[in-house]
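In this document, chain identifiers A, B, C and D correspond to the written order of the chains, with residue numbering beginning at 1 in each.
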Amino acid sequence: MLERPVYLLRRALRNMLQSPFLCAASVATVAVALTLIGFFAIIVVNIQLMTRDWSREVQVIAYLDVVPAESSLKGLIEEIAGHDHVQGVTYVSRQEAYERFAERLSQDADLLAGLEADFLPASLEISLREEFRTAEGVSTLVAALKQKKALSDLRYGQEWLERFEAFVRLLKVAGAVLGGFLLFAALFIVANTIKLTLYARRDELEIMALVGATPLFIKLPFLLEGALQGAVGGILALGGTFFLFHLFLQEGMSAVLLATGTSHIAFLPGFYQLAIVAGGALLGFAGSLVSLRKFVRL
Amino acid sequence: MLERPVYLLRRALRNMLQSPFLCAASVATVAVALTLIGFFAIIVVNIQLMTRDWSREVQVIAYLDVVPAESSLKGLIEEIAGHDHVQGVTYVSRQEAYERFAERLSQDADLLAGLEADFLPASLEISLREEFRTAEGVSTLVAALKQKKALSDLRYGQEWLERFEAFVRLLKVAGAVLGGFLLFAALFIVANTIKLTLYARRDELEIMALVGATPLFIKLPFLLEGALQGAVGGILALGGTFFLFHLFLQEGMSAVLLATGTSHIAFLPGFYQLAIVAGGALLGFAGSLVSLRKFVRL
Amino acid sequence: MIQLYGVTKAYQKDSSALNDITLKIDKGEFVYITGPSGAGKSTLMRLLYGAERPSRGQILVDGQNITRLPSSRLPFLRRRMGIVFQDFKLLVRRSVFENVAFPLEVQGRQRFEISKKVYQILKLVGLEHKLQRLPLELSGGEQQRVAIARALVVDPSVLLADEPTGNLDPEVTLEIMELFKVANARGSTVLLATHSREMMHHFPRRTIALEAGRLVGDITP
Amino acid sequence: MIQLYGVTKAYQKDSSALNDITLKIDKGEFVYITGPSGAGKSTLMRLLYGAERPSRGQILVDGQNITRLPSSRLPFLRRRMGIVFQDFKLLVRRSVFENVAFPLEVQGRQRFEISKKVYQILKLVGLEHKLQRLPLELSGGEQQRVAIARALVVDPSVLLADEPTGNLDPEVTLEIMELFKVANARGSTVLLATHSREMMHHFPRRTIALEAGRLVGDITP
């Protein structure tokens, strides 16, 4: 029968037209379940973006007790920048260090009023490439830098980094558990819904078998139907996700977001959008496949 | 027929026994949907607990340029503590202030090595009652405190407070949107599932009407059945939520949590547990009610 | 008493299943409705128990105009009727006993009364040993007898039987006809749609003949 | 050729619907199966098309032992058969045309061939004007004729008809019997379960009588 995809498609479409209620039930369930997952994915994606932002702050600071001459400083910077973990090196003079320190104390900065500007040392701020912004990457870099005499006094916010990594791990675990369960729930509910729609048509399946249809001949249009319904549900879910995103996240929250330091909330990247539609089709197909096994013996 | 609840209950139970597949489908859908909501509720509840923890840091600091005599200090503290926004007042001496400051600079504290311990002023730390830990509550308190001469130099972390409030608002909006949509999704999917189970039995409903059953007589057992299935689903969901909580949140994450400053993750409070079971029953009842309207005319 | 005045029923625009039928059936009468396949016999029955509304005309049952009956009153009309549907319409998830008991439960009868009556009537149709079977575990003829039992159990004032013996052998048919005659003798008005010439021959009664939706004969022997 | 050797079928432990049936029906024969309601006629049919497996005994169709047939082969057994089910078993969501076309689609026939054959057979049963109707929009007899058309359209080598005229009037019954005879004359083996003495009287053929699951008569006139 595989030679006649047009015939199969026609039968699948006719099936859907002939039971619009059942068809709508499957499509709507897929759409709602995937909208939920899409929404969750927006949150996950944005948290990822946020943590990537935050991880820019992972850096190693080398305090220079003696400020070297300009030429040797340049050489030093270039040498450090040559290390494969390093993304960039910034020189911070004593004056700059003082200004920053004052800024960091913010409201309490006036408490430093009587002090000299040069009580803080100059430093090199060494930022890491994204893939090495971990406690381990920092350790490796620090070990390498320590071999240079000029860079004996290294600070690298080990504590902050550990907290940050713990936080990210926390988010990952929570996200994985909730997301995993969401996916499971969507899968289960869609499969269950499809099973119910097939249950409502089990007489039809039985009659087809009684007049000589092979299981494959019976199943194929239903599988196709499931995949089509799933894909339509996925497209609706994409629209629904975008609508909700537009309604609640993008507009209403920009004011709130400014205060927390993130500039905007991104929509799902193209790959995810594709995944939602493809996922819908797969869900519909798999749901039909599993359920048909129950109602078409063999 | 309302006089015969036992008869109705018997019919509802028989209905369930006679179509175990349909019954299981409804129960399972309610269970999965409510587990998802229960899980989400755990997260929301814990974030609430966390923000309540954090909000303890909302306080007003009054710097005392001249340290008053011990007796007048006592009077001042008592006076401030009398304000209805105030929860407590702590005196921080110059030495304590220096130690804290050094601590706050953490790794960089040695930079202060050459400085005198008394370059920071003594202060009073005034904490607020929970209900006034808002930008507005702080303003009111500050306005009241400013009238006292001794307390001219007030600091109250306006910026921090605004950020904090923005963050909480962000969480609230995101939580409300996701939670609202989750609830809607659960409602929709459960109603849809019940509609499908009734669709599979629409012949039955029609036949009952044809042999003289009133719509109420037809509907009541199905409504009861829906409520029972929903309640069972709710109980399963409670179990499922607890299981997931135990498996992922409580045990596995305690190590991670220590690093982020929260001591433990709480399970749902009793009220929420009750709400899940009652919600399941209501969901089943409402789902049946809405769907029956479609299949039992009038 | 059943009266029809100019009753027309068109399921689709272009053709009508019943066409301008005027008819009167007295209380306690026993009437055959006959005619070829598709003549409109079942449609006539469906109009009488309110499953369809006529496109035109009026129908009175016991003086009550059922074309105007609000649908909330329909169940009470049907409770006075016993209906044997051509396709049986048994509740497939309920046992034989429960199927036959259902119309009595609907009327709120007492449990012990229900049990007694159901058992009696099932004995009369020869199914007293299959009380706990589900309809799909019965033969075609057995299902038909369950449908008949369900119609008779309520002591209906009107009995509508649509092809009630199509799946029954001649012997059982005779027994069932006896039951209908007993019900009729007790006061039920009986309308029996049938193709069986044998039946009409053995129990001659007033016979209403339909053809393509029109009344083409009304003979009282 | 259909052969049964000591076939017993018990749906439940305590009672058997068929009991030790041994029987041989030659290719091209026309056989009535008769007996009172619940005798086991439909059960015998169900065994022949493989919807049930016998509890004991062997069944051979064209030399093939269908009690041993793996279920993946069942569809191909059924394609050689035309089956009129006692409860019609029409696809309620498909039109009359689609219902009758379905067994041909299953066999992968060409579209134009399907259209032609379906139209011809529906004309023979008198339903050529109701091609696009759904089964539930037909009268009982019309539904039965659709079921008959679906069984005949495949030119079956074995035709199993279970009470095929229970809902049909005498005239249409005659026409349908003609169709069965034509099919038989073209080589189909015909098994016809019926209660109708009239039919057996008008078209006398070999008659197999069952009673409570036992073979009680096998008369060739």
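Things to note:
Note that in this section contacts are C-beta pairs under 8 Å (C-beta built on N, C-alpha and C of every residue); 3 or more make two chains touch, one makes a residue touch a chain.
Quantities reported herein were computed from a predicted structural model and do not represent experimental measurements.
Counting steps between touching chains, the shortest path from subunit A to subunit D takes 1. With respect to subunit C, maximal separation of chain centres occurs for A (centres as means of Cα atoms). Taking each chain's centre as the average of its CA atoms, subunit C and subunit D sit 29 Å apart. Centroid to centroid, with C-alpha atoms defining each point, subunit A and subunit C lie 66 Å apart. Taking each chain's centre as the mean of its C-alpha atoms, subunit B lies 61 Å from subunit C.
Taken as a graph of touching chains, this assembly is arranged as a ring, one closed cycle with exactly two partners per chain.
Contacts between chains, counted with the stated touch criterion, involve the pairs A-B, A-D, B-C, C-D. Residue ranges on subunit A touching subunit B, taken from their complex, read 21-22, 25, 28-29, 32-33, 35-36, 39-40, 43, 106-108, 111, 114-115, 119-120, 155, 157, 159, 162-163, 166-167, 169-170, 173-174, 177-178, 181-182, 185, 188-189, 192-193, 195-197, 199-200, 244, 248-249, 252-253, 256-257, 259-260. Within the complex, the subunit C residues that touch subunit B are 49, 51, 71-72, 74-76, 78-79, 81, 83, 85, 89-94, 102-103, 105-108, 150. Subunit A contributes residues 1, 4, 7, 15, 18-19, 201, 203-204, 206-215, 217, 297-298 to its touches with subunit D in the complex.
Across the complex, subunit C is touched by residues 11, 34-38, 41-43, 86-87, 137-142, 144-145, 162-163, 166-172, 195, 197-198 of subunit D.
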